[in-house]
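Presented sequentially are two complexes of chain A, the first with chain B as partner and the second with chain C.
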Partner chain A sequence: MAEFLQLVFSGLTVGAVYALVALGFTLIYNASDVINFAQGDFVMIGGMGTVFLAAAGIALPLAALMAIVAAVIVGLLLHRLAIEPARGASPVALIMITIGASIFIKGVAQLVFDKQFHSLPAFSGDAPIALGGATLLPQSLWVMGVALALFVALYLFLEKTLLGKALRATAANRLAARLVGVNVTIILALAFGVSAAIGAIAGVVVTPITLTRYDVGTLFALKGFAAAMVGGMGHPLGAVVGGLLIGLLEAFGAGYISSTYKDAVAFVVILLVLFFLPRGLFGGRTVERV
Partner chain B sequence: MGTTVSRRWALRAVALAAFMTSAAFAADPVKIGSVVSATGPAAFLGDPEAKTLKLYVEELNKKGGLLGRPVELVLYDDGGDANKARTFATRLIEDDKVVAMVGGTTTGTTMAMIPVFEDAKIPFISLAGAIEIVEPMRAFVFKTPHTDKTACQKIFEDMKAKGITKIGMISGTDGFGKSMRNQCLKVIGEYGITVLADENYGATDSDMTPQLNKIKNTAGIQAVLNPGFGQGPAIVTRNYAQLGIALPLYESHGVASKSYVELAGPAAEGVRLPAPALLVVDKLPADDRQKAIGSAYKAAYEKATGQPVSTFGGYGFDGIQILTQAIARAKSTDPQKIRDAIEATKDYVGVTGIYTMSPTDHLGLGTDSFRMLQIKGGDWVMEAK
Partner chain C sequence: MLALDRLCSAYGRIVALHDVSLAVKTGEIVALVGSNGAGKTTLLRTVSGVQPAASGRILFEGAPIERLEAHVRVARGIAQSPEGRQVFGPLSVADNLALGAYRRRSPHGDTLARVFDLFPVLKEKRHIPAMSLSGGQQQMLAIGRALMAAPKLLLLDEPSLGLAPLLVDQILAAVVRLKAEGMTVLLVEQNASAALAIADRGYVLETGRVVLEGAGAALLADPKVREAYLGL
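Then we have the complex of A and B:
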């Protein structure tokens, strides 16, 4: 039982990280049909930015805030300089642009920051919490808590606010949205900005656990993308469930089967899900898009 | 017309004067080639190597060069890409006509370049870790870094001395972790140690608690060994502390750097690992043979670059020293003679260890080149021998 619980803790922590990245994917996809592969790099900017600002003597909360703002600026620039000029291009072309942007961000990060791994002190200390024979780091609770809070906030924003509805309307039909008075350009910029903020916040809270380096974004983007696909691309709840599911599968795969097949276990399940539910677990609702 | 002629003469005179002021530079330079991964994923290895090579070639030239000739370092950056490394290796031989080569940051780039140098019969001193570089023996290939096999032997010696006979292993699945795991399993029998749990993790994984939990729940394990490299071992160390595993944890020489201690934080307390003397050069006893050279290199590197010294730069230091000393002994820049002189390197006290090469050993380091260290209070402490 203790072993099971330990694996659950491990899976939920890692899964919450994936879920946060997947949420970022969801938002941009909802607004623009673009799968933004630079999403993982926002996580990196959040983590690395905080590390370097804190090292420069700025208090941790302020450093984190500044790093998040920096990521938002990068997100807005990404939209303004790379996505917006290619307006009207096919989603595949736009996805390629985001991959290019991701490589570019990594290159700049190598110069602005450095090529080493860095860490941040855990927010509430390193003393593990013992629970039913298993242990949990306080930072894991932070990650899960932040993931939950961001999810709720994003859900309320998309479902309950006018701006959120405008965003969904833009995704459903850009022309129709424009006809009813939605400023599509601003909505898209908003999606990139908020998405960058989500990524950067994730970066700040996960860095004490996962460490960070200029190129960690690739891994986050891949796992986050898988989570978003499993959950059903474009659905916030799906992103969270998909992220947690992959995290748990990895933990159980490593713990009960073999650490050699850890990733394989997770990806086999993903393939099965996509095979039987091609739109993902929660994707049924987005059928209206043609 | 007259003015142009006289101006031309004036220019020549200036050029000649400049030429003559650098006294030793009258002769053709001795060209030494290098291909390192100064950028890309292995940059943390290749960057200090490149800086060290440049620094010491410069210093050599200030002292009058080699054999009365200046030394020219032809340095290329392969960015960690084995294909590029091979292209640069060919260029070094065909266009730059180097007499020897010190470089090859990673095992991948080194293995890609070996055939080029073997075919051209140009000596190649590699700065990469894996034992495959010098086993099987190749006539023109040498290396300066310790092998993972030596590290395994050092660790097992220490375990044996402490009466540890049953261990758990958790290895990275990257090249370094895999290679070291295999080397360890090869020599482990000689020390009467058995592996009860053999786990692994992906090089970019961010959580290893499931694997460590398995090791924790395996009865009879007395110590845990983590062959790995990069951030993986730091996370293993943190998870190890999180799970409250009280057994001794052994790390590899791959994490013998301050950044590991910083990343792992308080969890690193008590971790044991083998490391080159350079890491603890300040703490070496005054009569230690490596103290003087290690301190000198550390001071020179830190002054020139403003960065803390690393063992990787030390591999470059030993490579260029072994090569230039061999050229001096050979009194020739004929690659064949240089090769013979490198092979005859005897009792060279370097920053990595004390090298004695032979026709059957193109590395020349034993387990005494490693010091067993323990991390205490965020710093290295030497274990009594």
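Then we have the complex of A and C:
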């Protein structure tokens, strides 16, 4: 029982990060039909940026903030330089562009940073909290708390603000959005900026637990993508449920089978979803263009 | 208010509008009729700026607007209820209407009250998703959403398409009422008799060219129109 609970804790912790990456996928996909495989690299920029800025003597909270801003700038540049010029290209071509952008970002990160693994000190110490026979790291609470706060903030933004409604309107019907006067280019840039911020924040809070390196974005993108697929691409709540589910499956796979195959869980899930549940648990929308 | 001067528009190599010139004066209902594929929707899309003009001019209140982006044209006072309604399906009726006023910086409670007065069913259903509305209700929502921009010029693309006769009458009565309240309307219809009956003037479009123009009643009586578009 204690072991089970332990696996639940670690599953929910990484799952919360996958959920945030999946939310980033969802937001961009909804606004633009683009599946942004550079989403995981925002996580890396958040973590690596904070590590290197903190190493340069900047206080951790400020370093984190600067790293998040840097990720947002990269997100906006990705939209402006790679996605916007290819407007109207096929979804497959746009996916190729984001994969290319992801490779490019990793290349630059290798030069700007280095090829080593790095970590950050836990925000509230390393003393484990005992809970039902298992233990929970304070940093896990940070990860889950931040993920929850981001999800609530995103929900309020999308449901309650006119700008958020304009984003959903653009997702629902781009032509009609233009006809009511929504500047779709700005909405798409907003989606990329917010997604980058979410990814980078996830990177900051998870780095004390999982370590980071210039290329960790690949696995985060894969798992976030799997989570978004499970939830039904384009469905925010589905992204969160999918993320937690992938995290739990991974933890149980590693705990009860072998940690060697931990990263294969996401692959298997993607294949199963594609075969048996192409619209995901929450029946996300099918790819359609206006 | 609106003047098109030798406007051309094309989809790749398919030219959909050839040198179209027409005018809409303040306070008028102008009907644009023509069979399927004549270019009516293309004309409205070009005026709204969601389809580029290949050549020619679009003058709105005397100023050229053909190079302006769509959202700028909405801010200037051109709103469109597009063909096929195009409501924001997952969003509530109230949110659809709020988005209609997206470009307005001033409060718009009085406009909302007028839209609800024109289409009371929208008020009743304001909390439900737009996709759960019936076709006629979605049409009302599309028109109401355009009205929320407080436009000077209202573009309506086939508001009667696919609606039962009773609903068609209701929608057209709303258009007449809008005109009485001072709105200027460019009304596109395949349902030529209904549109010309309420229009001050009309234009007949055929394969991207204006082939006839005149007072609404005169066009209704024109033998060519009667034969080609009214099936009489």
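Following the convention adopted for this analysis, the second predicted complex is superposed on the first by the 262 of 290 C-alpha atoms of A that agree within 3 Å, B and C clash if a C-alpha of one lies under 4 Å from a C-alpha of the other, contacts with A are read in each partner's own complex, and residues count from 1 in each chain.
Note that in this section a residue touches a chain if its C-beta (ideal position, glycine included) is under 8 Å from a C-beta of that chain, and two chains touch if they have at least 3 such contacts.
Keep in mind that what you see is a predicted model, and the values were worked out from it rather than measured.
Of the two partner chains placed by superposition, only chain B is touched by A:A254; chain C is not. By the touch criterion defined above, A:E3 reaches chain B but does not reach chain C.
When the shared chain is aligned, no partner comes close enough to touch A:R279: not chain B, not chain C.
Judged by the touch definition given at the top, the superposed model places A:L211 against chain B, while chain C stays out of reach.
Looking at the shared chain after the overlay, A:L175 reaches chain C, while chain B stays out of its contact range. No residue of chain A lies in contact with both chain B in one complex and chain C in the other. Across the complex, chain A meets chain C through its residues 162, 165-166, 168-169, 172-173, 175-183.
Only residues 39, 41, 43-44, 47, 173, 199-202, 204-207, 209-211, 213-214, 217, 230-231, 234-235, 241-244, 259, 262-263, 265-267 of chain B touch chain A when the two sit together in their complex.
Across the complex, chain C meets chain A through its residues 48-50, 69-71, 74-75, 79-80, 82, 86-91, 95, 98-100, 102-103, 145-146, 149. Residue ranges of chain A in contact with chain B, taken from their complex: 3, 6-7, 9-10, 13-14, 17, 110, 115-119, 121, 126, 128, 135, 137, 206, 209-211, 213, 215-216, 219, 251-252, 254-255, 259-260, 262-263.
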